[in-house]
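Several structures are given next for inspection.
In the two complexes that follow, chain A is the common piece, with chain B as its partner first and chain C second.
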Partner chain A sequence: MGRIVIDPVTRIEGHLKIEAMVEGGVVKEARSTGTLFRGFEIILQGRDPRDAQRITQRICGVCPTSHSTAAALNLDSAFGIADKIPENGRLLRNLILGAAHIADHILHFYHLAALDYVDVAALAKYRGKDPALKSVRDFIARGESAPFVSRGRSDFRLSRKASETLAAHYLKAFEMRRKGQEAAAIFGGKLPHNVGIVPGGVTAVPTVDKIASFLWRLNELREFIDNVYLPDVFEVARAYPDYFEIGAGCKRTLSYGVYELETAEADLVKRKRLFLNGIVFEDLKREPLDISRISEEVKSSWYAEECKGKPAAGKTIPAPHKKDGYSWIKSPRSDGRVCEVGPLARVLATYAGGDPRMRELVDGALKEAGVSAKALFSTLGRHLARALGAKFIADSMPAWLLELKPGEPAYIDSKVPEESEGMGLVEAARGALGHWIRIKDGKIALYQCVVPTTWNASPRDDRGQPGPLEQALTGVRLKDESSPVEIERIVRSFDPCIACAVHLLSPKGMEIGRVEIC
Partner chain B sequence: MAEAGIIGVGNLLLKDEGIGVHVVQALEKLGIEGVKLIDGGTSPDFPFLVQGLKKLLVIDAVQLGGQPGTVYRFPLSELEIEPRAGLSLHEVGLIENLKLAQALGGPGEVTIIGVEPAEIGWGLGLSPVLREKFPRILALVLEEGNALLRTEAL
Partner chain C sequence: MGKKVTEYPVIWLQGAGCTGCSVSVLNSVSPTIKNVLVDEVIPGKHVSLVFHPTVMAGTGEPAIEILQDKQKTRRGEYLLVVEGAVPAAEGGIYAFVGEEDGKPVTLLSRVLSLGSNALAVIALGTCASFGGIPAGAPNPTGCRGVKAIFEEHNISTPVVNIPGCPSHPDWFVGTVASILLGGLPKPEELDEFRRPKLFFGSLIHENCPRRAYYDEKKFAKKLGEPGCLYDVGCKGPVTYADCPLRLWNGGVNWCIGNNSPCIGCCEPGFPDVVSPFYARMGENLPQARGK
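Presenting the complex of A and B:
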């Protein structure tokens, strides 16, 4: 039996390591390992609860806006103001998070996933006149392969023309990310780490100018999603139809729901949200979310056994030499069931929950792709759901902008209680994100985050059930074991995000200056 | 509009890993003019923040094995990296993003100021070693910043 290890260690700690045992060209078993101890919860202990919004944003370079939203919802509930957020605050939070999610989905598809299917290196032979493509060609000609690293040596199936079009969109996508980030910053103050979303609402007051400025960017994003992003996903799907079957995984998804449609309901699970919460099964039946059923298991994680249990009471005691341990990630489960989280989960929950606009959107896309709804449990299904999710958010945002009341406050003041507990549930771009807090003597006694990739990249649980990503890799047939593109494509479709990248530079090049400070 | 920028990158929750951000926050307090200051955090989403700039200083933790607090300087063009396809967006790293920013008409002149870390681990704030050396590190960055502003853009 052969062993394939994908371990991109050189410059990044806190990364994901994938080990696949291969026999006869088929993955028999896979192990996903998170390599960084999650110590950020410890940092928060003893601090002012209001610091959580600022500090948790720094956990993750890719989902800071989602962390700030989860922290704000968590503190809203702990401070007893969850049902008192002004309408403007609700709408602005939706708009900031929505703009960030759209930018994030575009970023993921074009700048991480598309290179799995588009041979950018082929642009070296580009003869056309597009200035952007010419600049990429010249860039590659200078021997600069990063960031356009070719993935694998084979299995690029798009025509040269289609590849060129997608490469041009890769560059256009940068402009779109910029529009999304600028839009989020209009009300969020600054990006990537916004200062606008706080417990009680949002610090910005909407003005007509700001609303117009946001709308202008939003319109461009909507045009891009409709005319470029979605068509490109279909283009890839036409060339790689087998990926509607490859990488199915556990076929059970979980969503917390996201984007508040009301302010009166304090309970986040009962609150009306644009994307519905719930677990969706292989037969596309939905079971509403029951948060009391969620607990974290640690049999395969490098944590002491007593760290097992409900996230609200979660403990973080490292046990790096544990016998069955192979990951710093815990295994969250709902009633002991393995669940995948992400755009697919929230699209499916909303679809299975009967939302008419989502049904029309998904059914139309399935018709165009020529597949059934069950094909969504797949590598391509995740990409399609991500693009459809982006459209669903973007199409919902103009109405929220129009509902804003210019000049009226978006924030309500509150006091930090001496003793309290809170919970903040939201969807990050890459899936269900939960924050839990316990306040004692006005300070944080306990803070726990269960991030999306904890679900998706979780190791085997107490019953030995592999995590969603491990299941998605098991049984996959590899065309070429020395270049396991199938594994990489499946992993990337989950959009994994291991909390906290450490990007130390270890240069090999010449050093031209050095100053020792004594 | 500023033609030169200073971006600090790193994670504020991992002690000295966050040195770049600590430096930029200190510069913000000093009220530097004529230079765009950017707190890049750990986000890969900065190429557009440096678009339109001609010159850029990047402050980051750099492990070269020198004494903790040692400050290194090298141009981006001297940095060789192994091209590699990452699995997560976190792995679209600093160098890839800087090169991409250049390909998209970003700053032609990129200088990296690296600081050798003493401690990297969970915790807010710098290690005692770097905290002690911080004023000198800041002064060196300011010197570099001034030199950068004086030279003609490429």
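Presenting the complex of A and C:
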């Protein structure tokens, strides 16, 4: 059996290594390993709880806004003000997070994933008049083609004209994602690492000029999503229809729900949200979310057995010599079941929950792509769900802008309690994100984050069930083992964020991580 | 067309960081990131980003080959950008970048080898400059800034620190443009922490539009209020950066403009010395800027 190692996997957030055991051109087994550890939970201990929403954003510069939201919700509940957030605060949090998510989805499709499908080198023969594409052609002609072109890539199927169009959109998308970040900064102060979202609401006070400035960036983004992003996803889907079958994974998705539609309900699981929470199965039936069922397993992780359990009491004691260990990522499961998280999960939860606008959106897209809803459990399905999710958020935002009350506060003050506990649940761009805190003597006694990529890149659990990404890679047929584009396409469709997922790493463990199974 | 364009290769390594400085550079307005990647940033001079983990097309071994290749063929000619701190504890085992001969290579070893053969190093962001958040107490992975690592290993390659959490895109693009135009910064152009004075030459407090409130002792008592943010934790009086003049994200806003205190993210003492972020700073803070 051959071993394929891709290290580093580029165009993701963070440091990831993929190992695949291949026999007869088919992946028999796959393992993912994160290769960076910073130890945020340790750094947070003993600090002022209010600093958590500044510090946890630095877990990930691609999705900091999601971490600040999870931390703020976590602290809202710990400070006893979860049901007291002013309406302006609720709306501004939605708007900041929404603009950041849209920018993130555009970045993911065009700048992280598209180079797996679009051959930018085709622009060397460009004869058109688009000044941006002409400058790329001249750039390639000078012989310094990095970073767009790499050696040894294959299986590019788009026509030259389609490649040219997609390449032009790759450049345009830079501008669009920048405008998304600008919109978020209008109420968030700056991006990445916004300063606006805090426990108690948002520090900004909305004014009419800011609302208008946000609205017109949003309008441009909506136009781009409708007329460029979604059509491009369909263009890729037409050229690579087999990817509606490749990379299905565990076919069970989990969403926490996101974007608050009310503030009166303090319980985040019961709170009305735009995207619904819940677990969705292959038959598209939805089971409501039950946080008490979620626990982390560590059989294949280099942690002591006592680290198994609920995230609210999460422990992190390394055990690098553990016999069955092969990863520094734990295995979160819901009632022992493997679940995929991400845009697909929240789109499916909302679809299966019967939201009429989501049903129309998804059914229309499935018709255009000529596939059934079950095909969404796939590499292309994740890309399509991400684009549809972006549209769903973007189309919801103008109403929130108009609901804002200019000049009125978006923040309520509070005191840090001596003793308390909290939980914050939200959806990051790449999936379900949970923060848990325990406060003692007015300081952080325990802070735990269970991030989307911990779910998606998790190793085998106590029952030996591989994680979603590992399952998605297993059984995949490689056309060319020397250029395993299938593996890369599947991995990137999850939009992994490894900086978030790796909580702890210890010296000797790395050696165990490299054991070959031949 | 047809005129000679000089290529300046840039290798961008990511260490113990969050990719936020890369995302921030993508937010550059004039020039846009497309201009930076494709066009001549200065007429006749093009920045060739040969290795960048987040944007490059190549992956795995072919990507690592670029690193090895450039280190040999463009020795002393390429700029090394380091984003993220360098975890130095236990021989650097907390961060790896790719494999060589089937063995993972530590970021520490890549920074040392690529760093010693570089024309200069830009330490981008507070992590690469001074250690930053991952070096926050108890610094579980022994994170250090690039200059500190170089001093320990007697590497004399010039280092320019461009801190910020994240760094402002203008600070990065401006520093690169000034190197293309006039060569490496002269010693008098950098402050004691090797930051370009052009961007880090004055305190936030000196240029703050709320300075008049401070002088008249009109202090906000909670977040979201008008007035000087000193009592709610502002570290502008000890933080050197031009944020109040330059603003962020295309000029739409900045931290204090959003009623939120400066958290001192450009200083060597970030995060430990300048936190708690929402507590009024101690009287001794100005002396505590260094670690």
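The rule is simple: the second predicted complex is superposed on the first by the 487 of 518 C-alpha atoms of A that agree within 3 Å, B and C clash if a C-alpha of one lies under 4 Å from a C-alpha of the other, contacts with A are read in each partner's own complex, and residues count from 1 in each chain.
Assume contacts are C-beta pairs under 8 Å (C-beta built on N, C-alpha and C of every residue); 3 or more make two chains touch, one makes a residue touch a chain.
No experiment lies behind these values; they were computed from the predicted model shown.
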Quick check for you: in the superposed arrangement, does A:115 touch first (chain B), second (chain C), both or neither? both
Could you tell me if A:59 is touching chain B, chain C, both of them or neither one (first, second, both, neither)? both
Of the two partner chains, chain B (first) and chain C (second), which one does A:186 touch, if any: first, second, both, or neither? second
Applying the document's definition of touch, where does A:43 land relative to chain B and chain C: first, second, both, or neither? both
Determine, under the contact definition given at the top, whether A:171 touches first (chain B), second (chain C), both, or neither. both
Which of chain B and chain C A:449 touches, first, second, both or neither: neither
Please indicate which partner A:495 is in contact with in the superposed arrangement: first for chain B, second for chain C, both, or neither. first
Quick one: is A:78 in contact with chain B, with chain C, with both, or with neither? Answer first, second, both or neither. neither
Once the shared chain is lined up, is A:22 touching chain B (first), chain C (second), both, or neither of them? neither
Residues of chain A contacting chain B in one complex and chain C in the other: 6, 8, 10-12, 14-15, 37, 39, 42-43, 55, 58-62, 64, 107, 111-112, 115, 135-136, 139, 144, 146-147, 149-151, 171, 174-175, 177-178, 181, 191-193, 488, 505-507, 510, 514
Which residues of chain B touch chain A once you look at their complex with the stated criterion? 9-14, 17, 39-48, 51, 60-64, 66-67, 69-75, 78-97, 99-100, 103-105, 112, 114, 117, 120-124, 133, 136-137, 140
Considering the complex alone, what residue numbers of chain C touch chain A? 1, 5, 7, 9, 14-24, 26-27, 29, 32-34, 37-39, 46, 48-60, 62-64, 66, 87, 90-91, 93-99, 104, 107, 132-134, 136-141, 143, 165-166, 222-224, 248-250, 252-255, 257-260, 263, 271, 275-279
Residues on chain A engaged by chain B in the complex (per definition of touch): 6, 8, 10-12, 14-16, 18, 37, 39-40, 42-43, 55, 57-62, 64, 103, 107-108, 111-112, 115, 135-136, 139, 144-147, 149-151, 171, 174-175, 177-178, 181, 191-193, 488, 491-492, 495-498, 500-518
Please output the residues of chain A touching chain C within their complex, sorted ascending. 5-15, 17, 35-39, 42-43, 47-48, 50-51, 54-55, 58-62, 64, 107, 111-112, 115, 120, 132, 135-136, 138-139, 142, 144, 146-153, 171, 174-175, 177-178, 181-182, 184-193, 195-196, 198, 200-205, 213, 409-411, 413, 488, 499, 505-507, 510, 514
